[in-house]
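Next come two complexes built around chain A: one with chain B, the other with chain C.
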Partner chain A sequence: MKQRTVMLACSVLFACVLSQPIEGYLKLTEQIANRTVPLHWSQGPVRYFVFDRGVPGVTPSQLQAAVQRSFGVWQEVPTASIAFQFAGFTSSAPGTEDGASTLGFLDRPDLQGVLGATGFLIDEVTGEILESDVFFNSRFSWSVAAAGEAGTFDVESVAVHEIGHLLGLGHSGLGEVEVRTAASRVVAAEAVMFPIAFSPGTIDGRRLKADDIAGVSDLYPDADLRGRTGSIQGRVRQSGRGVLGAHVVAFNPRTGSLIAGFALNAQGEFGIAGLEPGLHILRVEPIDDGNVNSFFDQPPVVDVNFKAAYFGNFVIAPRGGSTSSFDIQVQPK
Partner chain B sequence: MSNRRDIPSWSLVVGVFALFWGLLIPTIGSAQPRSGTVRPPLVEIGGGLDWVGVSDLGTPDATMTRNEPGTPTRFTFFKVDGQIPTAVSLKTWVGVNVSPTWGIEGGFQYSRPTIRATISGDAEGVESSAVSVGSFSQYLTEANFILHANAGRFDQQQTVPFLLAGAGYLRQRDPEKVQTETGRIYQVGFGFKWVAGISRSRRARGPGMRLDLRYVVRDGGFDFHENARRSFVTAGLTALMAF
Partner chain C sequence: MTAAICVCALLTAEHVCATIVTPAEFSELVSAARAIAHGRIVSIRAQSSDDRVRVETLVTMRVATYLKGNLGPKVTFVVPGGTLGRYRSIILGAPHFVEGEEVVVFLSARGPSLPYVLRLGQGIFRVVRDSSSEDRMIAPPPLVGQSQEWQTVVRGDPARGPMSLTDFAARVRVLVEGGR
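Moving on to the complex of A and B:
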């Protein structure tokens, strides 16, 4: 069994300069032979340890309690089947390859603007996750206050995001960012897996959104998920060729949910699973150049030279099935 | 999503209905027709077309959570305004008049309306655009009470005004036949029946025409909001045969 370590930095604070917003949930994948295999845990419950170091304002016990609540948020998704188990405190810091998945604070002054990150030890043959460590950068001020605390980042919110990675989810682009002279700021988001954290003092990241739920349900579907939900599939095309990296957002006007997918190959093919059956409005837009690294480990040649647009027809996600493939035509900028 | 109830034009509908009712009150007051007054036929069978007015589907904006402490407000990603545009339905009905004044009828309608949404207010300035879904199949089974105003007959008693009130069961299926929605309708209306002949026993007999206007409330069916009630108007013109 070959093993490989992957580190995914995330929850970039302010520093990321994004000129355009982006959408979509993304599964982390590994190229195995000629197959693209999603990273995943093959057995549950996923056992995790908590590093026994605190930071000002957060003791190890408080950290453990916050992390446990964050795991609980994912575990309680009714359409997913994944469980977790706290295995105890450890003096082994996150990032140590010891076969134990560990979460805890680390002092990482070298990672300016990074609130936290998740690393993996994976089986390169099956894509199975063998170990996953999460650290929270103790360079920042942290809090576990129930209602949040001004000027500090909420451990629980950031833990929910990092645990999403631990499960095999990549970043979602369901957010809006405004560019300022010194830095960028998230205006709004509709996924805890959005790569840029909300401002200090906010706690909305403790609550999963439809895009997160669809993502984890896609990775760890419960027994009858496929029978209760629907999926859509199609291609994004421009002048007869596929649009790689296009983001396709599905809006269900009845439930108000926003769930998205990416066109992940040269044919511009995309698929979005875990949708409530019914009518959906589709919106397609490019990823801005500056964002590509947040979404792709080894950025492919992402096509951003097209205008955002709406698909002219409602798309109906069928219960227990998928639409036949259809093409969305976009125009060059 | 919040449940929205959108029953527009109440005042107009109530006004028209009251006017019509006011005109008929003097005649309906004498429930039994006077000697020589033409009575409705025992049985009527009809078929024709209904023009169905625009029906609202709601304005379910696509929103995101604002980056705010406390309880965040919503950020509008884009706005959606849904409608079922006007359509024409085929209808058939059969009525039985249980007294000179009262009748009951059952009907069936079939139509293929579309669903359309206008998208605007995009957060990134994408131009407003329209999204639609091809014709879906709509089936309506209905039952109505009919109140004939025999004393108000005109046109040599061949035309009789009437009021109607009833309810129906709605079934809708999308063009891809992957989703079926059901609902109920409630309706009130008024109209006129013209029958060409009058029998020796002073009953309306033979071929005729019927015109009616209805105010309909739809509860269920395709909609952008759960449990929404929507209203629309219809105008029907049907041929009939009176026995």
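Moving on to the complex of A and C:
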């Protein structure tokens, strides 16, 4: 065992500790007057209303209770600092641009196949968030049953996902799907921010995973998060050029956790923050198993024509800092 | 220190989007679409919705070919969100377009209203030029179930490369005609 440990230590990429960790994850951003502005609440608590309409099986009060539990899941993350406050019921539907953040059921036939969605109203000049609304599509069957209910979607699970967006998180690529003729399904997800829902009846989306926790902690860090966690940064390259949109997954063999980020520019640069200090195994893969638009909503089209690859060395995320940048090479399909 | 801050700024450079959807295999998308159009976006205009409570964007496309249905040589469809005056309404997951962009759009409609993109971003396939051959390609290709058995989709599978627009169109037409 000792010999194995020594061998592992010899093969790691030794970290160069920088004083300022970098950002990771897919964060929601907007272009405001040639600036890239993160969608981020600068002040708390975030006040929210609940639309006073129910659906079969879910009363407004039950919706409010489920939504409050979902906000609580994010608020209880020990390494993040964000708070919410229920401001009351409202007769103003989510999606109404009225300056109030509202969650509720809505019949949106034009959003066929969409279980829930989050919207923002922002000031075009300052970038300030004026409101953020979440809607749950009343075209589907919903439940707030403690253990879930066959044939219905779990309000609490979908609310946890949408509140992640409300906080400024984009989608996570940590999930796996299966297909067969005329059907597809999610078989695993290591983040509640995976964009495709589990089958009706499951409540798996109520509990945050390591990737979600790292993401919200990075957006709203508590006082000493940066000092207790580490970051990894590098570039994904193919034939001398950057690979835009490459999905980079950091696996911690000690904890079994998966935390991921994307190469977000033409140089193929990525960064993953909020990692537990220590050894990580890195895998790079294309998001070629579904809808790229779930992750990136504007051209240019991301690169998906390469084979998945592991970085040849272990990488140490240093406590309180970041690795120096390194390159991961991938090969075309 | 400077290098780290630089990287931080660069890494937020791309637009991202988000919503939660039910899964859809390609034949389900084809079946649910009222029209499937290939063409170029020629105009994009934001306006207030009819009930004046939200902003929406009208996107007009000059259609080169319909792979399913026919809504005329130019089709205007609506996507949620947009910018009006000082206020920007963002619906996460709603597709964004740029003028001149070549796309295949899966459209649906209810009643007399304008068509809309099916399942938000799931109903858009962007057409790109292959850097070496200059062929028009769809990448990534759609997820197609090949049998009645569940099959795990493995990322980076070399067997699933970009699909030419010609093959994509042929696949859609086969599905429209009820074959597989």
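We adopt the following convention: the second predicted complex is superposed on the first by the 295 of 333 C-alpha atoms of A that agree within 3 Å, B and C clash if a C-alpha of one lies under 4 Å from a C-alpha of the other, contacts with A are read in each partner's own complex, and residues count from 1 in each chain.
FYI, a residue touches a chain if its C-beta (ideal position, glycine included) is under 8 Å from a C-beta of that chain, and two chains touch if they have at least 3 such contacts.
Computed from a predicted model, the values in this text were never measured in an experiment.
Peer 1: Mind working out whether A:Arg139 is in touch with chain B, chain C, both or neither, as first, second, both or neither?
Peer 2: So A:Arg139 meets neither chain B nor chain C here.
Peer 1: Just chain B (first), just chain C (second), both, or neither: which does A:Arg228 touch?
Peer 2: In the superposed model, A:Arg228 contacts neither chain B nor chain C.
Peer 1: Look at the residues of chain A and decide whether chain B or chain C touches more of them.
Peer 2: On the superposition, C touches more of the residues of chain A.
Peer 1: Could you say whether A:Ala189 touches chain B, chain C, both of them, or neither, answering first, second, both or neither?
Peer 2: First partner only.
Peer 1: Quick one: is A:Pro277 in contact with chain B, with chain C, with both, or with neither? Answer first, second, both or neither.
Peer 2: First partner only, chain B.
Peer 1: Tell me which partner A:Glu176 touches in the superposition: chain B (first), chain C (second), both or neither.
Peer 2: A:Glu176 contacts both chain B and chain C.
Peer 1: Looking at the overlay, does A:Gly312 come into contact with chain B only (first), chain C only (second), both, or neither?
Peer 2: first
Peer 1: Considering only the touch criterion stated at the top, classify A:Glu285 as touching first (chain B), second (chain C), both, or neither.
Peer 2: both
Peer 1: Once the two structures are fitted together, what part of chain A is touched by chain B and by chain C alike?
Peer 2: Residues 20-21, 176, 185-187, 285, 307-309 of chain A touch both chain B and chain C.
Peer 1: Okay, in this complex, where on chain A does chain B touch?
Peer 2: On the chain A side, the touching residues are 20-21, 148, 150, 174-176, 185-190, 198-199, 201-204, 209, 230, 251, 253-256, 258, 277-279, 281, 283, 285, 307-314, 316-319, 321, 323.
Peer 1: Tell me, which parts of chain A touch chain C in their complex?
Peer 2: Contact set of chain A toward chain C: 18-24, 26-31, 36, 38-39, 93, 95-98, 109-125, 130, 140, 158, 161-162, 165, 169-171, 176-187, 193, 195-197, 233, 244, 247, 264-265, 267, 269-271, 285-299, 301, 304-309, 322, 325, 333.
Peer 1: Mind pulling up the chain C residues that touch chain A in the complex?
Peer 2: Where chain C meets chain A, its residues are 1, 3-5, 7-25, 27-28, 31-32, 53-55, 78, 80-81, 83, 85-96, 98, 101, 108, 110, 113, 116, 118-122, 124, 126, 128, 139-141, 143-158, 160-162, 180.
Peer 1: Mind pulling up the chain B residues that touch chain A in the complex?
Peer 2: Touch residues, chain B against chain A: 1, 58, 60, 62-69, 72, 74-75, 77-78, 80, 82, 115, 117, 119, 122-124, 126, 129-134, 174, 176, 178-179, 222-226.
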